[in-house]
């Protein structure tokens, strides 16, 4: 059999080790740095020879449950995979569903989706950076990351009515309009965040201890990143310019001028710094969205017509969408659709197969953390035991998302 | 054996008697009040994230809501903690770990269930891979919401503090988690 | 009359330095107060830098200062679990030893002019030598608990000891060479006009860093590296046993801070004669204040730094700290040769 | 990294820490004393108005968590919704789909219970008025304000 | 030559069908014994990594459809997803593993084995991934594995 150039050397995932000399350390599921998963780390002296991730501790069977629920009920279901980045993960499902249903989204709704997606992305990155801080016991970075994340959660709450689980995007549009003073508040938040990022650099990213811990650790080379199918900031930190926002036409990204940041080093520090770059870009996108957002309806005309006139009036007054009764039993025509959306952690992939009934025949979701799981086996090999949390922190792995 | 004198007769096994004596000592009012005051302001939850409510749990201990004001300090190993917070869904695989963690914790220990997934499964109520934690542990406070707001977590801490200060808790004899599987 | 005499005798006994110093100041009672306050200060400082309040409701009018009391009381009443596989005797004795051993050197540390429990010529090396015994207890703990994480923690402690201990001794030696004495009291009295840190800043820096390493404070809290090994050697400890080992680190920090102040920051000078007339130890209160402020600075570092890796810390110890501390010895010799006299 | 720049970075980090140690920068809401006022659109506990309900059962049909059930009394034709807060995920679909505006979110969400039985609300109790327990105990309302210097601050109303 | 032509030329001899249901999706069906060959040709076209491996249970046709979604990092190809699908028998689901072609199939195929019981021959670690290790029921994503579904009406007295 002819082997392609991408032949996977499975043995790469471990160093040669003599089974007798290996010290096995179980990290997790109850462990200050494991989250909801377990790693079986095998050490030869202080050097990691093999890491075996044991996941499934948060496997809540979303794909099976989606088959038992009507289409619209699966929006909150999939949202629970990544509640810290909820609009992005639901948007993928909604996009796939819209493709099946053949619905166009009105421009204002597309802009609002983009707005919330970017707010979510910032919050998700701050979450990841905070955890990267605590993984080398830098408690201030953890507290700052989580504290400043509250600002973005507050903005999202004002827009949607929930702190984390917004359930904001629905087929054909979004659920609520911009509050009146939103623009002013968002711009203040952005200006504050820009100032704060400088302090972040001083206390954490330029801190010699942090640099010592993260620089040149867990280097992911460009070709390895491509070979392993990595997505998200981890991929872009290795020099590959790939972002689902460029790939798939969703939201308002085609009408907005933005750069996708790329770094070449591929080490843990560059993965962290890339997230800082993305926060800056996201804030810029939010600025543009607030500038450019067009007027108009926030739900597709097709569904708007089904809402009784009386309710439509209250809708306009409150800015909150009422659902047409049809939503309880959406029936897309038989067929299949895929959708890709860039989350904070990377690209999420949906594939829906419909058989014409009100419930999907099969929904497939592949989340970025699940795809990046390979990194947690690949990167730590050959490093010291103390580097393991640092690498884990730099990958920004979110177990409920991977386990679904 | 039935003890006519309020369970303080020291007979039989020395270890058993010593335990009874210390229990009697601990239950005397001034000491009991001191103990309950200390415990109520020193609820240390174990660092055990079962699911995505951990995000809001973290938010509750972070600057905006700062649960450390109540003396609430997420701590490292179950051995030093006295509060198990089940943050969201408990899957079957995680339930095994949760039971071990609970056993490792020293008495007196408390359990708070956070989020609807931990109460009755929430949106995952018919999933094949989840368990209901209240069937495994004696639970002190239930928090609804998916995820609950950090204020609700703070509320549960306040409720637990009151419960402890009113001595409405049992000092179990290392009670094992209930249920199999 | 007899009764009064006995009472007077007892009071005089208590106030005599050999009793007062180890029991009250700077000994046991002071240490307890420091333990209860410095952990609270540490949590409050971290909280302030991290935009929040920290412990509060336990005693709201005084900013939650009773938090450590509540924690300690809770520890006291908590169940003590001895793991089945542990060596129970070592497991139970080691925490007590870990609190006592760092406390022992206090008998050689003078708190004011000629106010010391046991006056010896070689108090400086004695203090450092006894405080160097603490790691042994930590290794015993790690071994006794018989858990993978504790054993890794114990090994880390063993690696760390040799990385900092030499530099600690050598930089102290640099000052001893300069002042020509190993007696802490004499060293302080020679700094009346000029603190040692100005004469030999190199030794001060190396001693400070080695001190931070010795007490496992950030950025060198590698032994308790919670992200890798849960709580290091202390993983299995419950209740009051954990309370004791948690306190031990702070006791050692306190003793080393006292030594630092006496070596480099001119100890109890400025001496307050007025208070000194009431009771000799009171005059040296500036020693205590300086040591406390130094402790506050060291616990403040928790909110600034992350943690170095073990091999990085060791290489800092061997490759930077040791040469620098040797250089500080030569600096001292150079100063002597140049004829600098206090 | 040269020694000089390393020293500068150490000093930078420590001085940033000191800056925040002495600046007034806390963002904490002292919860049981102060309570954040949630906006009108906040999706908190749900309130039900039985007089408006038309028994269409759309809310129960769209509930993703099967938290809302239609309660039918023996012998009666009409059904009314009741909610189970052991399951409600506060997605607000029921409120959004209700064609008669009989369901409404209240901005109350800081609730915890000591037993599971209290969390099931049949139609009669579903209409109960929600009050935040903090406000009941006399907390002061604060609202979140964005500030360019300090980020999120909370000022009393 | 555009992508569709390229694909048709490259795969016409082994594909049983090539469809274009959506602008960004190319669906290629092959027989199960030619899956490896087809995959290699798709890689040669530049689709260098997998987005997903999934199985769809089709009890009526007594088959499990295994679907590979390949995507590319190349700028000109990245807008398209290539869907490669094949069918295996439901009672003996065996398929050649593609981890030598697409390395990131490692966990994706393992999950498909876990959830549908499709055996990937040549896969180095087919063991439980998401399900608990003591799972002994039928694979949960098969259609005959039923989960409880609740009605919306509750009767009361």
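A, B, C, D and E label the chains in the order they appear, each numbered from 1.
In this text, a contact is a pair of C-beta atoms (placed from the backbone, for glycine too) under 8 Å apart; a residue touches a chain by one contact, two chains touch by 3 or more.
These numbers come from a predicted model, not from an experiment.
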item	value
Co-neighbours of chain C and chain B - touch as defined	A, D
Required steps from chain D to chain E (each step between touching chains, minimum)	1
Higher-contact pair (C-beta pairs counted), B-E versus C-D	C-D
Chain nearest the overall Cα centroid	A
Chain of greatest Cα-centre distance to chain C	E
Chain C and chain E: spacing of chain centres that average the CA atoms, whole Å	62
Mean-CA-position distance for chain D and chain B (Å)	24
Junction residues of chain E - those touching two or more other chains	131-132, 140, 145, 147, 149-150
Multi-chain contact residues (two or more partners), chain A	31-32, 56, 59, 61, 64-65, 68, 76-77, 140, 143-144, 147, 150, 165, 203, 207
Multi-chain contact residues (two or more partners), chain B	62-64, 66, 69, 76, 91, 93, 123, 125-129, 146, 149
Pairs of chains in contact (touch as defined earlier), listed by label	A-B, A-C, A-D, A-E, B-C, B-D, B-E, C-D, D-E
Complex interface listing, chain E residues touching chain A	21-22, 24-25, 27, 36, 40, 43-44, 48-52, 54, 56-57, 67, 69, 71, 73, 75, 78-79, 81, 83, 99-104, 106-108, 111, 115, 124, 128-132, 140-141, 145, 147, 149
Chain D to chain A touching residues, read off their complex	1, 6, 9-10, 12-13, 15-17, 19-20, 27, 38-43, 56, 58, 61-65, 89-93, 96-99, 101, 105, 144, 146-152
Chain A-facing residues of chain B, complex	46-52, 54-56, 58-59, 62-64, 76, 78, 89, 91, 93-94, 97, 100-101, 117, 123-124, 126-130, 146-147, 149
For the chain B and chain D complex, residues of the former touching the latter	63-66, 69, 116, 119-123, 125-126, 134, 140-146, 148-149, 151-152, 154-156, 158-159, 163
Chain E contact footprint on chain D (complex, rising order)	57, 60-61, 63, 66, 68-74, 79, 82, 122
